[in-house]
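The first chain written gets the first letter, and so on, giving A, B, C, D, E and F; residue counts start at 1 in each chain.
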Amino acid sequence: MLYISDETIDRWIKEDVPYIDLTTLTLGIGGIKGKISFTAREFTILSGVEEVLRIFAKLEITPIRALPSGSVVNKGDIFIEAEGLASNLHIAWKVSMNILEYCSGIATRTKKMVETARSVNPHITVVATRKSFPGTKELVIKSIIAGGAFPHRLGLSESVLIFKQHVAFLGDINDLAQEMKQIKANACEKKIIVEVETIEDALLLIESGVDGLQFDKIPADDLKLLVDQIRRINPNITLLGAGGINGGNIEEYARTGINAIVTTAMYFGKPSDIGVTMEKY
Amino acid sequence: MLYISDETIDRWIKEDVPYIDLTTLTLGIGGIKGKISFTAREFTILSGVEEVLRIFAKLEITPIRALPSGSVVNKGDIFIEAEGLASNLHIAWKVSMNILEYCSGIATRTKKMVETARSVNPHITVVATRKSFPGTKELVIKSIIAGGAFPHRLGLSESVLIFKQHVAFLGDINDLAQEMKQIKANACEKKIIVEVETIEDALLLIESGVDGLQFDKIPADDLKLLVDQIRRINPNITLLGAGGINGGNIEEYARTGINAIVTTAMYFGKPSDIGVTMEKY
Amino acid sequence: MLYISDETIDRWIKEDVPYIDLTTLTLGIGGIKGKISFTAREFTILSGVEEVLRIFAKLEITPIRALPSGSVVNKGDIFIEAEGLASNLHIAWKVSMNILEYCSGIATRTKKMVETARSVNPHITVVATRKSFPGTKELVIKSIIAGGAFPHRLGLSESVLIFKQHVAFLGDINDLAQEMKQIKANACEKKIIVEVETIEDALLLIESGVDGLQFDKIPADDLKLLVDQIRRINPNITLLGAGGINGGNIEEYARTGINAIVTTAMYFGKPSDIGVTMEKY
Amino acid sequence: MLYISDETIDRWIKEDVPYIDLTTLTLGIGGIKGKISFTAREFTILSGVEEVLRIFAKLEITPIRALPSGSVVNKGDIFIEAEGLASNLHIAWKVSMNILEYCSGIATRTKKMVETARSVNPHITVVATRKSFPGTKELVIKSIIAGGAFPHRLGLSESVLIFKQHVAFLGDINDLAQEMKQIKANACEKKIIVEVETIEDALLLIESGVDGLQFDKIPADDLKLLVDQIRRINPNITLLGAGGINGGNIEEYARTGINAIVTTAMYFGKPSDIGVTMEKY
Amino acid sequence: MLYISDETIDRWIKEDVPYIDLTTLTLGIGGIKGKISFTAREFTILSGVEEVLRIFAKLEITPIRALPSGSVVNKGDIFIEAEGLASNLHIAWKVSMNILEYCSGIATRTKKMVETARSVNPHITVVATRKSFPGTKELVIKSIIAGGAFPHRLGLSESVLIFKQHVAFLGDINDLAQEMKQIKANACEKKIIVEVETIEDALLLIESGVDGLQFDKIPADDLKLLVDQIRRINPNITLLGAGGINGGNIEEYARTGINAIVTTAMYFGKPSDIGVTMEKY
Amino acid sequence: MLYISDETIDRWIKEDVPYIDLTTLTLGIGGIKGKISFTAREFTILSGVEEVLRIFAKLEITPIRALPSGSVVNKGDIFIEAEGLASNLHIAWKVSMNILEYCSGIATRTKKMVETARSVNPHITVVATRKSFPGTKELVIKSIIAGGAFPHRLGLSESVLIFKQHVAFLGDINDLAQEMKQIKANACEKKIIVEVETIEDALLLIESGVDGLQFDKIPADDLKLLVDQIRRINPNITLLGAGGINGGNIEEYARTGINAIVTTAMYFGKPSDIGVTMEKY
């Protein structure tokens, strides 16, 4: 689903071990063979496991067993076991744990949000924004998918999403409405979606033929009224809610009847708590 | 203080814009000149500003003014203004905002923790761990420094820090104590520091000549007693507290008399809230 | 519009000069200052000029003047002049010429196709496929845009375009039609477009709610009839023609009433003919 | 013969799939196992097969059988079959097809030119220039070799080939002739070859001891006369014909008695036509 | 102990073979299978073997047997044998030989220095500086470890080592002494080490609490007196000798009682002499 | 003459400073402005200066003056002065010094060898082999050119140089002689050069039409006799001497009448001794 380059895997390893593992060298234990195990310390949706196995392969660490990303594990479940030289296990340890903890944290929060939203609106989609920490996009995408969400837009190259920062260069919202026909012709394979904050702007754009609207920071109650009003005009338009939606209010937003919830909330919060043990063979 | 390679700056840009900015192309606004402004929406310790200026330089965006990382800004303060072509401003927008929001979030949380700790123990140091999201280490280090902390260990190559995952290959703690003299000779330019969980282990290692001890997940009250006991034996040993220390309990830990607080807490939490506006010239 | 990384610019230079310029070294002329000029030898839509200027900057070659990509030049027009050391001019020469000739060739062919298509159907869009030589996508995209086309799909990450190679894993076209509602919900921000070869498949999918159809290798006359039939059912559906459309038959296809012509034809053919002269200062 | 780095293989994959395969994700078919087959749709000299197998290896696609580059295949011949997960087959599909079609197109055109030239002059060599699309040199070299040609010069670092753009910095052709002895001493392991356009320049340089001459854009009939005249003076000098030689006139040039034909013509033209099918297991 | 990225391995190969192996191509021998053998021509401590095996793996060369880095071999000992295609053996040949000869040269010189030093002072450590040829640090570190030394400091990020070039910005040595307490608090996990040239500076810093002193270019006899004097004041301080220590005088320096000898001498000198033979199967 | 990519410059910096400069951070001196000066401590042919200036540019260090590579300096000569922030000066210091010392060491040894050889044979060329430490080729080439030598062969892609390791796959020397005509036709733009150890092999190959011979490890006296004998047969053939030629015996070899001396000796030996001072502004 997501191919990560060898260069990226290597960059993660070297980020933590630019030269050598000084502790292992100083202790003189590098040549001893042993086993590494990763254990969940809480309910977790796993993510990042395949990347850890890529790291293991580069370090000649042999997996004994590993559950795939997307698996549900509970406190005490061992989900990866592998064996190799102490020198390599120690190089792999922290970077692997960090990948698993950060990715699984995102996957777990995502899963909870998706399930909450779908419990009240089975056809709604949760889409995760591109507001991820620069340098982490591949892992983040993988993790929200492991949790059942879809990507909102992955970057600038793929979709037409018009913000007021674009309108500033066109003139105002009326100029945008007037250009809509040409914009739709230019990008006829794409939906033209505009972020709006008021019903007036929404109605003007609907009339101009816009394919979708993204509502930013509208309270859920107000949004529900807007959605109802718009659906009466155009039942097929794509309606998105964004801005401040999180695990605490996603249920309310899911009830508004929008097609998708646009959120960043799964990116923030503590990584999953995962224990790592090593034993000598 | 921290040199970031051109390849990294480019990778951040391309991560968000692998090919083109489709929206700007479709709207046909790329050739218009304009201004971009970044505004704090809350109390913030800035971080990442220099990296944003590197991105701007690559996109021929000219800074008008910019406050350096480490600056304190408040709600409503404009801290970067720059001008360039709309096509370039839009390429720079989100990646710059993400860098600023994530980095400043870390710097701001760091600053609060450092100030809290120093308010009760002026000589204590807060050191941030290497448990950062793989791919973000350079930005994270920069940000904790902007907030007044120091790095704990940046990676495996630099310091000798012995965990039970190392002892597993040596035998047990007694074996470690017996090897201590040789370990110290091997790495005579480094402090040999061991993570311990009990006073017995601590005392054994102190006797063996260890340079420092890191206490993991010891309640602050208990830790204070340990520190007092150890200082009476060896007033110069380095004592570190780690494991679950955050903004809520850092004051207690700072009072224990340890030399440094080892923490990851500043990495988690919401990014700073920063507004971005654009206007046409 | 399209940011190219420093690494890519460098890779182009090093591809032609992995170590040194042996001829210039052997002749001992490297330290002499001179001028390089690029002249069109035929009607040309320029593309690649900005990339050549990036190469010049890395080699301390100072531009005297340069026309931007998208400019129209005729036989004899000098469009870039620059000065620098002979050693650097010779490193820049062939790679710059190759970029200009290949890119301008694509831009020129694109422009002709776009103009032909629009002469009979002013609202039609020409979109260029992702069938470019691996390693050249950025230059190719830039060049088709310089010629007035839009990208069809830049890669796999951005749009939902379903081929029979996907249907093979779903079952058959009926299975796809049955899944359409869920597919649309999953990717509600995207148009769901399917490549079809028969009217039966087209009608089935239209009924299922598909957003667009791409017709592959249908003769223009037949396609016109299909388009008329489909527009009567759904005037807003996106209709694309693909497969074997080139400069020779694009006019016919433009008359069919489709929204966009999907083509690869601009990628093939001779590069533009551009002369390069150098003179000593 | 030609080692391609992992970074390059990865770059090709990521060029087409910077993040995920959105269609396969949306359809939910990624986890199904299947087979991919590549079939020639016309007479083809294969090239690029080994690179496709490198891509397959990275995506855990297992080859069932594959003909090596250089193989001759005809319409209907299946030349690669492999199996893997639908998610990986779809990532591999287009980039593999593009490599095979572009590379085999070059190899096939090369083979035809080489065979035509050798049919009238069995000892002649066809050498392909460095006028390839920046970013494609490795694949292009591989392909012309698969077709039976040799590389002319791969880049600037390897050979001494003097153009008028060099002479411009020396003075004129007489200055070059005067320097020839020193140039030959400097680069005594290399042949010194000069591109000339007139017989006078040729004779002057022969007298000075030049090792080879490259004639640019001389009609074949005239070139034959020149070659005869020069061979009478120096039978061992290397004589090359360049400029506008292609499949249509290569036979005439081969008859002139030159040692090698320098051409770029195999780089231009349509890629080979190759069909790709997938089936579910 | 030291993970080297795939990109680095690839860079080494491409540094010697940017495109093709022209000789093997011209001779037409690439497809023949054969064996390559590496033989010591003198007493050698091997280093670089694992990297050569990485190169072999990328070129589908199968090892028959190989002694690990750190092995002792004598004149005539064959230590690597492997088989593969002539085309690949020839790509691997020179880069492999260069790695082995340079790395083993360093390892062998290191071993001799370590053994000489330990023969008179069994607890002394030899530490190798970061004065290696830019671009070679990973191989150099590996090699000094293979020879029994430890790294001094690998780079700037890891240790606090204060030179007069730092003091220049602080003021003078008295300012440094006054700041020592704060410096030690800032970096409480590190030893603070200062390079000094006089006993006065040394005593001032010892009083201020410095953790270690590095003496630069002090004659061994003088250094011995200094060490004795300092040990009487502080028996636990780390004392390092640096500057001009090499195989010829290391014994004298080892007798001074310092903890470690800081040297660069193993980096200079002739590579080991290693023979490479190939035979056809 | 030699373009070095930004990625390479960055790699050198990051090799020494993977994250931060811990000493400068700990001392808190990074923000102070100062000057850095590089001074020769012995007679030196400079090399690497331009690369140091590239490093300076990346670190916002402004050069005040700098002598170009190839300049001759003597003990006490200051050849680079520049100013910037202490944080940046300290990042630049060691990597710049290492580049200058290693490169200038090679240039200086090269110059001495070239002058010695030319003092007895003014038309001889000294060519440096590709036996450089992997990862350093660009700097090494630059340095031997700064010292007046030429590159022998830069890598495998550029020249046809046949060793016994090639002959092993062809059969024996007679097979090579028989193939010579075809080999020359294949690579008619290149000289075909063969390494030989006996006069018999030499004569056989001369008869077959070889363009050059490289004699490996022949004593200078014997080589002189061989050269005389061969020149009588073919005065124009290229004759090279290789194997164990260094500063001590180069004069003898230069007297043999060979065209070029192939040597590696300049790569080994101590780096130039260069002093670096910093002062606060």
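Following the convention adopted for this analysis, a contact is a pair of C-beta atoms (placed from the backbone, for glycine too) under 8 Å apart; a residue touches a chain by one contact, two chains touch by 3 or more.
Note that this is a predicted model, so its numbers are computed, not measured.
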Practice task
Between D-F and B-F, flag the pair that has more C-beta pairs in contact.
Solution key: D-F
Handout entry: Repeat of interface E-F, chosen from B-E, C-D or A-D - more than half of residue-number contact pairs shared
Key = C-D
Problem - Distance from chain E to chain A - Cα centre to Cα centre, in angstrom - result: 43
Completion exercise
CA centroids of chain B and chain D: separation to the nearest Å works out as 51
Completion exercise
Taking each chain's mean CA coordinate, chain A and chain B are separated, in whole Å, by 23
Exercise for the section: Could you list which residues of chain F touch at least two other chains? Expected result: 6-7, 11, 17-22, 24, 26, 91, 137, 150, 154-155, 157-159, 186-187, 190
Completion exercise
Within their complex, chain F touches chain E through residues 8, 11-12, 15-24, 26-29, 32, 34, 86, 90-91, 93-95, 98-99, 101-102, 130-137, 139, 155-162, 165-166, 168-170, 179, 183, 186-187, 190, 192, 268-271, 276-280
Problem - chain A to chain D touching residues, read off their complex - result: 1-3, 5-7, 137-138, 141, 145, 150-151, 154-155, 157
Problem - Complex interface listing, chain E residues touching chain D - result: 6-7, 10-11, 13-14, 17-22, 24-26, 30, 58-59, 87-88, 91
Fill in the blank from the handout: So, in the complex, the side of chain F touching chain D is made of residues 123-125, 127, 150, 152-154, 157-159, 185-191, 193, 211-212, 238, 240, 259-260
